[in-house]
Each structure stands twice: as C-alpha cells, then as structure tokens.
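Every chain is named by a letter (A, B, C, D, E and F) in the order it is written, and numbering of its residues begins at 1.
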Amino acid sequence: MAKADRPSKGSDKGSDKSKPILQTFKGGKGSVRSPSFRGAAASREPGMTMKNAPDDAPAIVLDLGPAKLSPAMTAYFQKCQDKLGFIPNVLVAYAFDTVKLEAFAAMYNDLMLGASGLSKLEREMIAVAVSSHNRCYYCLTAHGAAVRQYSGEPLLGEQIVMNYRAARLSKRQRAMLDFAVKLTAQPWAVEEDDRERLRRAGFSARDIWDVSAIVGFFNMSNRVASATDMRPNTQYHGQAR
Amino acid sequence: MAKADRPSKGSDKGSDKSKPILQTFKGGKGSVRSPSFRGAAASREPGMTMKNAPDDAPAIVLDLGPAKLSPAMTAYFQKCQDKLGFIPNVLVAYAFDTVKLEAFAAMYNDLMLGASGLSKLEREMIAVAVSSHNRCYYCLTAHGAAVRQYSGEPLLGEQIVMNYRAARLSKRQRAMLDFAVKLTAQPWAVEEDDRERLRRAGFSARDIWDVSAIVGFFNMSNRVASATDMRPNTQYHGQAR
Amino acid sequence: MAKADRPSKGSDKGSDKSKPILQTFKGGKGSVRSPSFRGAAASREPGMTMKNAPDDAPAIVLDLGPAKLSPAMTAYFQKCQDKLGFIPNVLVAYAFDTVKLEAFAAMYNDLMLGASGLSKLEREMIAVAVSSHNRCYYCLTAHGAAVRQYSGEPLLGEQIVMNYRAARLSKRQRAMLDFAVKLTAQPWAVEEDDRERLRRAGFSARDIWDVSAIVGFFNMSNRVASATDMRPNTQYHGQAR
Amino acid sequence: MAKADRPSKGSDKGSDKSKPILQTFKGGKGSVRSPSFRGAAASREPGMTMKNAPDDAPAIVLDLGPAKLSPAMTAYFQKCQDKLGFIPNVLVAYAFDTVKLEAFAAMYNDLMLGASGLSKLEREMIAVAVSSHNRCYYCLTAHGAAVRQYSGEPLLGEQIVMNYRAARLSKRQRAMLDFAVKLTAQPWAVEEDDRERLRRAGFSARDIWDVSAIVGFFNMSNRVASATDMRPNTQYHGQAR
Amino acid sequence: MAKADRPSKGSDKGSDKSKPILQTFKGGKGSVRSPSFRGAAASREPGMTMKNAPDDAPAIVLDLGPAKLSPAMTAYFQKCQDKLGFIPNVLVAYAFDTVKLEAFAAMYNDLMLGASGLSKLEREMIAVAVSSHNRCYYCLTAHGAAVRQYSGEPLLGEQIVMNYRAARLSKRQRAMLDFAVKLTAQPWAVEEDDRERLRRAGFSARDIWDVSAIVGFFNMSNRVASATDMRPNTQYHGQAR
Amino acid sequence: MAKADRPSKGSDKGSDKSKPILQTFKGGKGSVRSPSFRGAAASREPGMTMKNAPDDAPAIVLDLGPAKLSPAMTAYFQKCQDKLGFIPNVLVAYAFDTVKLEAFAAMYNDLMLGASGLSKLEREMIAVAVSSHNRCYYCLTAHGAAVRQYSGEPLLGEQIVMNYRAARLSKRQRAMLDFAVKLTAQPWAVEEDDRERLRRAGFSARDIWDVSAIVGFFNMSNRVASATDMRPNTQYHGQAR
C-alpha cells in the first residue's frame, strides 16, 4: 500500500517546528503560493487583462491555504522539482490536504506510470483527447506537452489538442481514441459493440479497463481543473516543441 | 467464448496456493466470481433476456481474474460484508489489482466519508445528480439507495435519479446540484460566475472544492461503470424504500 | 399569492349546487384538492424544502379549479379509485375540463389498453424509455411502476428509468426502444431505415404505428407534466418493488 | 414488395360489402388510397426521384388498410371535404381505426378550435414553432398554411417555419413561442421561472395550460408524422400565399 | 435612437456631390435605404409587431451608411434590377463598402453561377439545406425561391427548407445533402469516409471541392445574415409558387 | 477592383510556354505538389501512421491538379514566399482555379488586413475562437501562430486554441469572443440582445459587421479545410513560441 498510504500519526509530530512544505519549493521566498501571487489572485477581475501577473499563479482560484505535506509527499514534490524543475500545479492545488493529495497521486501514478498494456504515450494521448473534448486548459497544456515528449513528434501533440481526427494514427490508436471520446461525450451509449471494436483492434480485457480508467480519470481531472480555474505551469508551453 | 475475456492460464496456476480473497466473501463457494456466474457472462448475448442469471453478476463484463487482496483490503471487504451484507460490485470490479483498488478506495472514502462542510447526504445527492446526467445504471442504483437512506425520504432519491429539478430542494442544495450538473455537462463553461453562485448560497472555498471533487469523481466512476457494464448489487434496489 | 393561480370568483359561485366530483374521491374532506393542499401550493417557494407537504399535492402547480365531471368520467374515476385506491394525478390535472379529460382518457386507454400487437408491458416500456429521455418525473414514476407490475421484474423498471441500454432485453424489445428513443430525440432523422429495423425485428406495419403513436403520446404527456409540475401520486413509488 | 406493407388477404375479402368510406371522398374512384397511389408507394425506393407520383400519396408509408368510418367520422370527413376541398392526410392516416381517429380528432378539435384564451392564430403559431424545432414536413406545411390564413400575413407563416425569432412578434407572442420552443427542446428544464415569464406577459393559468397542451400535442403529431413519412396534401402549399 | 446606429456626420458630408448609387435603384426616391425605412428601423422595438413597416427594410439592422458603388458594381446592380426587378438585400447590405461587396459578389458568382460539375439547382439545394440547419431566414427565403425556380417543383423548395429528408431525392442528391448537412453541423467529424460516400455517388474530386465550398459559403452567409438581422426582399416569397 | 479581378483572357495566352506557377515556389523541383507528395497522398490509408511523409503535404487530400496562376496571384505567392518563407497551404489548395483563388484572397485580405475598428490581433483572436469551436486543425494552427505573433504572448494563442474562457481577456475582447462563439454555435439564436452586448462593450455598427463577417469567413474556411483534410504548413507550429 505504498502509494495510497495514509499519513501516519507520526507525520503530525513535527508540525510545530516545520513551516509549510510547499514554500520550500521553487526557491524559498519566491514560492508557489507566495503573497505576491496571492495578491494577484485577489485582484483578478473578470474581463481584465493582467500582463504583469504570471499566468500560472495562483495554481487555482480557490484560496485553500497550504497544508503541511507528509514525508512521502515532501519526497514526491522534491522528486518533481528535481526532474521537472517545478511542481505541477495540479499537485500544488491538492496540497491543501495531504490525504487528498496522496489519493490523487496514488491513482495518477498507477494509471499513467504503472504497468499496463498501453504505452505511456498512448495513455497521454487518451488524456489529451479527453481533455480536448472537455476543453480543459490545464490538462491540454500539461498532457499535450507529455505527448510531444513521449512521441518526439511535436505535431502529434498539437493535433490531438485540436482534433484527434486530424492526426495520422495507427488503427489501434484511432480505435483507442474513438472509444475514449465516445466514453467522454456519451458514456450512456457505450456498449458491447464499442468494447468489441477495441478487441478487434488488439486490446485485451485489461487494456480495455486501462483505457476506460484513464478516460474516467481525466473526466474527473478536467472538471476539478475547470471548477477551480487551475492554471498550468508556464513551463509546459515550451516543452518539446 | 469469442467475446468474453479469459484469464490467461498462467494466472490460474497459482490459484491453489494463494486462494483468491474474494472467494471468501459472499459464502465461499457461491462467491462473487464463481464459475456459474462466469458462465453466465460468457453466454450473455446482446439482445437476449436472461431471466435465470442474476442481474448483478458478473460485476463487470470484462474478465480480469481475481487478485489476492492485501491485508488492508481484506479487512475493508470484511467490513463491507459485515455492515452491508455484501461487497459493492465496484470494489469487486477493482479487486483484480490491489493497487488500483486501494487508490480507488482511498479517494472514495476521503471524498464521501471524510471531513467536509458538505453533509454525507449532500455528497450522495451530488453523486446521483451527476450519475443521472450520465445515465449510469450502477451509480444511480447504489447512490440512489444512499440518498434514500441518509435522507429518510425515499422520494428524494427517486427524484434526483429522474430529474433533480423535480425535487423540492433548499436554495443551498439547488445551487449545489445546478453547479454539479453544469460542471458535468459543460465543464468548459464553468467560470467565476458559477463559483460566485455557490458562494452566495453559503459555500466556502473548501466547500466548492469538495463539490467539484465529488462531481469529478462520479464523472470518473460513471465512465468506468459504463465502459465495463458494471452491475449494481441487487440488494441496493430494495434498500430504504 | 402572486405566483399561484386562483380560480376566478365566478368559478366558485356555482360550487355549492354542483359539488365538484373530485371531492367525492379519496374520502370526501381529505380530497385530492382540499384547501390544505392548495395552501401548500400557494406557499411553495422555489428553493424551499417542505417536508410537511405531501409530494403529490397539488396535482399540478396551476390552479385551474375543479370541474363537474360527466357521468362517464365520474364512473371512470370511481373505477380508478376501486382498482388503484387513488385517482392518478394526470387525470386529476385534466379534470378541470371534462372535454379535455375525455379526449385524453380516450386516447390513453386506446393506446395503452386497447388491442395491439404490442403487449401491455411493451407499451409501458416505451412509455418509460421516452420519459427517461425527457426526464419526466411524473411519467417515470407512474409508468416505471407499471413496468415493474406487468413484468414482475422490479429491476427492469429501474433499468429503463435509468438507462434502457443497461437492461437485458430481447432483440425485439431492444429494437423497439432504440426506435422509441430515436423518435423522441431526433424525430427529424427517422426514416425508412429505422422502420426497416423494426420490421426485421418482427414488427408489422400496424405495430410500427402503435410504437410511434405511443412514443408520440408520451412526448406529449411528458411536456404537459413538465410544464405544469405534475406530481405523481405517492402510492406509485412503493408499487411492485 | 419486401419493404412495403400489405393488407392481409383477409382484410381485402370484405371490401365489396363494406365499401371503405374513404373511397367516397376525393371523388369516388380517384380516392385517397387508390391502387395507383398504392403502386407508387410500393415502388418508392429510397434515393429515387419520382416526378410522376403525387407528393401527397399515399398519406403515410405504412399500409394499414382502410377502415369503415363511424357515422360521426363520415360526417366529419364530409365536412372537411366541403370546407377544404380535401381530407387532411393526418385524418386519412388515422382512418385505419375509427377509435384512434375519433380520439385524435376530439383532442385536436378541442385544442385548436375550442374555447381558449389563445386566439386560433396563436395556437397555429405554436403548432408551427414546435414543428419547426422538430423539422416536421407534414405539420409545417399544414399549419404554416393556417398561420398564413388566420393572420393574413403570408410572411408570418414563412418566418415561423424558418425561425420564429425572425418574425416581428408582440411581446406576448414572443414569450409564448419562447416557452413553446423550450418546452419542446428541453422539457426537463421547464420550471417556475418559465411559467412566471408567461404570467408576466399576460397569460393566465388556463392559458399556460393551453399553451402547454398544444406544445405537447404537436410534439406528439410531429413524431407520428415523422415515423410514418406522413405527406401533407399538396393543396396546402399554395394556400394564402 | 439609442440602439440604432447612425452614420457619422462626416459620412453625410459628401453625399451631395457623390450621390449614393443605391438610391438610383428601386425607383429613385423610394430607394432601398430611404429615410422612411431608416425611421422604421429606428423605431423597431423588440417584441413589437409593425404591420406598417415593410418586412424587408432596412436590409439589415446595422446602419452602415451607403457607399458610392464602383462602376462594375453599379453595372452589377443595374443587371439585378433589370433581371430580378430588385437588388437582393444581401448586396444592399454589403454595399456600404465596395471592396467587401466586390469580394462577396466575386465569390458568390463563381460558386453559384460559374463552371461546375454540379447543376445550378444542385448548388441551390445545398444552399437551402445548409441554411435550414442554421435556420437562416434570409437565405432560406432567397434560395428556397431559387430551388423552386430552377427545379420547377415548388414542393422541392418547401421540403428542403423544412427537412431535406422529406424530399424524394435521387441517391446522388441525397448523398450530396447528407454531406452538406454533416459538414455544417459537425465539421470536425468529416473525414475520408464522408468523401468516399460522395465518390461512390458519382462525385469527382472537383465536385467534392465545389460541394464543400458552397457549404462553407452558406455557413458564412447564414452567420452574416443572422448577426445583422438581414431581411429578404419580400418579392422572393411569392416567386415560383 | 484590384483584388477580385477576374483573370483576363490574356492570362491564358502564355499557357503553352509556362510551366505551372506553383512549381516555382518552395524551390523548383521540391515543389508543393511534387510527384513524391502526390504519391504520399495516394498511399495514405486511414489508420496508418506515416512517419516518413511530411504532415503538410499534400495541402489537401483532393487531387485537383495545379492551375497556371494569373500574374496577380503569381505576385501574391511570391510575396508570401518572401515574407513567410512558404505559401500557406490554404492558398495552395485554392490554386487549382485562379478565379476561386482570387476571390478567396480578396475576401481574406480585406477582412483580416484591411481597414477596421478591430485590431489585427483581435481579428486573429476571432479566427482562433471560431476554429476552436469547429475544431479545425488547419485554421487553429495557422491563426494560433498569428495570435502568438501579433500579441507577443504565446500563451494567449494556446489559450484561445484550447478554451478562450481560460484566457485573461479585457471586457471588450471577452464580449467579442462570446459573440463570435455564439454566432458560430447557434447562429439562429443571435439577436438584438447579442448585438447590444457588443455595443455596450464599445463596438460600433461597423465593428459589429466586421466581427460578424470574420466569424462568417472562418465558419466557411473551417468547413473547406475539414472537408478536404487541409494540412497546415509545418512551419506554423514553431512560430512565436
């Protein structure tokens, strides 16, 4: 139960001495949720262009206050910082509550990085196709970058963001994205015929589960992101162009 | 057995030594995934009424093979069995993989049973309103029963299943379900005005997060259920009528 | 009482000499449209839960005043009272005008109870599938109960209320409901191919007429019910569970 | 003649003794359902232009065989013939079964010609606006002609057929058609606010019933017409231009 | 005159020396944009019937002021006047700017009157089917008349205005309009299969271009017309009935 | 009439001596429509990834054959080549017919580059918002690049491609894009209230025309692009990141 572990009681012990963990990322004072960003959020008026405010701060429009991260999550954030150079804002958003953050991270990591008959690229393609249907700015940006990176084809990322039908996909990938978009748009109409189409394209029962679970996951994330005006870290935009 | 999915032979090999935990529930031999149910699944043809097969078996149409549950999940299943008299089929469905099951259970339990400014009834109302938009048989059945139970008003459960606008809701609850259904139907169009409507109805920033996260969660679950033809345990139908 | 509608004073004048027939049903004083229910209607505010008011009174939100029933309709209502123990609220709603009530009852009884190649259960299945698409609280409740009763399968009623695709239907019934839902959702797109699909499933020309007429009828009733906030008699909810 | 429907042999047997009443209209031999028209129907292939066949025969694509009309319906048809010069094809369509014809005619005549706070023109405007949403060829043709006739404004009929928002309507009529089209398109979303908009435009409770009942009626008729490929009598097209 | 738009004073200045060309059409004084029509526009209130104002004046609700036509456009307008007896209001609308008028006329004339594998009737059928989907009052009126004229079948024009599926089309024409309406309603979903259906119905690559370009053109015109409340010249309504 | 000029007869004169003009662009032999690209098109099978073929060739899937460009268009193409380094594929697509190319270029250049109260950036923002609704790969790519260039804000281009509601727009720009997207999605519902919203945001009558005409133009272009599988030049993807 490594990933879904609840924070042990022990994690509360050090709470008096330690300042909010998030402030230790992105360079101390200039932290993700520094007062200056919060001020930017406070002054954001609908219909006003704010060229001086960074597009990706605050992470979400709801001010939920930072929580103290568990050791596991502190390590996870450090790993993000080391590998990516930043903490993805979806994690920053969930970080107001360690239990929620850990549950989200556990599910995300299993689905997108765990063992599966789907390649990591295919999983990211699903993420983008679903997010395109739902027009989710956060997920299209973050996972569009991932498709560009995994595939080494910048255009593929662009195409799935815009209209996956414009991408020149293999039959397998096309069947996968057709299923993903139908399950997103009309879940009530997905039936045996749709599963059969995946099987004919070479997907096993376990693969069908994985496609479905990833489609489900991004239908969740897209809605959390839209509901909270989640902003993608600006770093994503330039990645792997 | 063209359409039904089989566990590979390899997965059957070890079954004598590590007896699948699920078979210990629902009375040993007559377990949730007993051969007779599996046969029922194999012979299920589209367009054929099967009066002899129980409606709720197999839990899903994909045959993923049972996994050995972790001790934590074994305890969780036992708790379900003791309290409900059965294991909810959504858990049975995820039980083919302990990591996935634990991630799902952790998120579900936090959202629906953890601390929140939303009552448990309100959270179930959101679950049903979202599932009604998505016409999800599994979730409408299981969470419709929960609304009946928590509210003590059988009609309230029925109304939210059918059309939440027909229920005589408080202004707070109506605002909550209006937000939930818009976020389900048109996530791309949810903006500050929508959040402001929740705030005016008394919802805090944290409450708005919780509403959004629950809406997201059921948009995920509805799709996993539809994609796998997940069947609600028959016991739900008669609960709290 | 700004929003609630009152019978004009003139319409009350004759009430002493021609006692509204409806008051003779459901036990005299405690009649369907007794003053207490009317008061409940008058005080109904949007967004307020009214736990003390019965859910099914008044029958509709428009106050049209009771009419004197014709002898034929008096007998019809008596028959309902004797067989069902109550007068269905759709009839109570139409009873403000005997001509309208008779026309409605004549069409309803012919379609749902008259000679047809469709069984009575099949006709009720159509009623529920159409009403599910239109999310009509009144018709889903009343005709969902009828499906449970005629079929002896409580789950079948639930499934068609929620999503008819989740029910395990015969090919004939599935073709019938596919046609019904398409004709409901996209009447402009129904063409020869759709009729041909019914013929291949064994439906005669007359059967196709009957399916179509029932689909039409409930597309009418659903709209009258939604437009008037028609409330199903509470007795339906518990029937044939 | 695979796809076209034939009367059973049995139904032809008695035709000599009980001459179908319909044949007495439209000039005896050249009756509405004469063999030549039936042949036209039988040979109608999808995708073939048939310039020689009249557009309005047969009345519907289902061959249900003519019934013997009741005396009341015989008189009704004679009245149509005398006043209009033809029997509207919707009546010809229902004439295969006198009970159905009488129920339809009773409801139609009450709604469209009976006492109401709505003018006959307003009722026809509703009919056309509903039928425009549903793109019903039969009803748009027949009731578009009625709007032209009642209003004396040929353009008004055209505009409501095409897009009622293009017509220069009074506030009352605009509110009425906005309600009619919403109740047609999204019956599940019609609520107190919608009724209140009608009240503010001067509609009484009884008027709201009448608007709703007419909207309902044409949502029924549109579907029966689409499902049966009902053809409007060609005479309508040129009326009141 | 709050809502109506006025030409700036500056634009009136030169009017004596360069008499707006438009005033020379439709009989000098009674010109298309005469003061009386402008007054009618100014006094047009939403929700008011104006029986005294002509339906087709002003051409659009935006007051953009007349421009001096180029010699080529003067000749073009004269040709319209001579052939049709009036200047189509779409040209009157564009006439506020000669460059825009010429670009529009060049594209229109090439598409609808230039060399093509599609007959002129077929091009007009596309115009009407597209405009029916978009419910464009201007284009349905003007091009519905053209279908009546080119085909000599008044009913064909009516049917495509109402629902092209009700028209008895050749396979070629049906394939053409199916493509046109799909490209109008769901351009993102048009793919090789759709083109292939046109090819199988006998359309060449160039024909497919022409169908697509005409569909595109009317999706443009429909929007310009709707956005400006463009009114069809009243003469169209009675043409070729 | 500089831009919309028809090719004079003289332009045909030299056709024997001059090779197709398009081949002179993009470096002689390696021309836009060279045999190798045409071969790629011919061998393109649905569902096959073609990593070796450039994404942007051929310009469209229809093989219409190159035409000889008029002198004006030759100059125009040369100007594109000089300024952009390539000929936009939409022009390559239209180049099979000089009349069509000139009409398209005249309209495009007037709308997007001519005098207007809208800035060039605003016009490109409209182009992208419309193309996002229609999910047009070609136009999103080409005009997304233009928004990035004109604004100097790469994120703004991304945001309007994905969901314009996520961009932090001025009130004026938000009103403009709300109008543009409504006119794209529901042209039949655009009315005086919508125009009034633009006026309140500071748009003049002429500005409203320009917004509408640009919305219309891209609703045309999106459909021509989708219908022909038009491919954006690969150079666009990296511009102004």
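Everything below uses one rule, namely that a residue touches a chain if its C-beta (ideal position, glycine included) is under 8 Å from a C-beta of that chain, and two chains touch if they have at least 3 such contacts.
It should be emphasised that the depicted structure is a prediction, and the values quoted were computed from it without experimental measurement.
Listed candidates were A-F, B-F or D-F; the one reproducing the B-C interface, defined as more than half of contact pairs identical by residue number, is A-F. Although chain D and chain E carry the same sequence, what matters here is overlap: shared residue numbers make up over half of all numbers found at their interface. Centre-to-centre separation of chain E and chain F, using mean CA positions: 23 Å.
Mean C-alpha position of chain B lies 54 Å from that of chain E. Residue positions of chain F with contacts to 2 or more other chains are 46, 135-136, 163, 188, 191, 229. Of all possible chain pairings, those that touch are A-B, A-C, A-E, A-F, B-C, B-D, B-F, C-D, C-E, D-E, D-F, E-F. By the touch criterion given at the top, residues 3, 5, 46, 61-64, 96, 99-100, 102-104, 106-107, 110, 114, 134-136, 183-184, 187-188, 190-196, 199, 204-206, 208-209, 211-213, 215-217, 219-224, 226-229 of chain C touch chain D in their complex.
Residues 188-189, 191 of chain B are the ones that touch chain F when the two sit in their complex.
The part of chain C that touches chain B in the complex is made up of residues 44, 46-51, 53, 55, 132, 135-137, 140-141, 153-155, 158-159, 161-163, 166, 168-171, 173-174, 229, 234, 237-238, 241.
Residues 163, 165 of chain E touch chain C in their complex.
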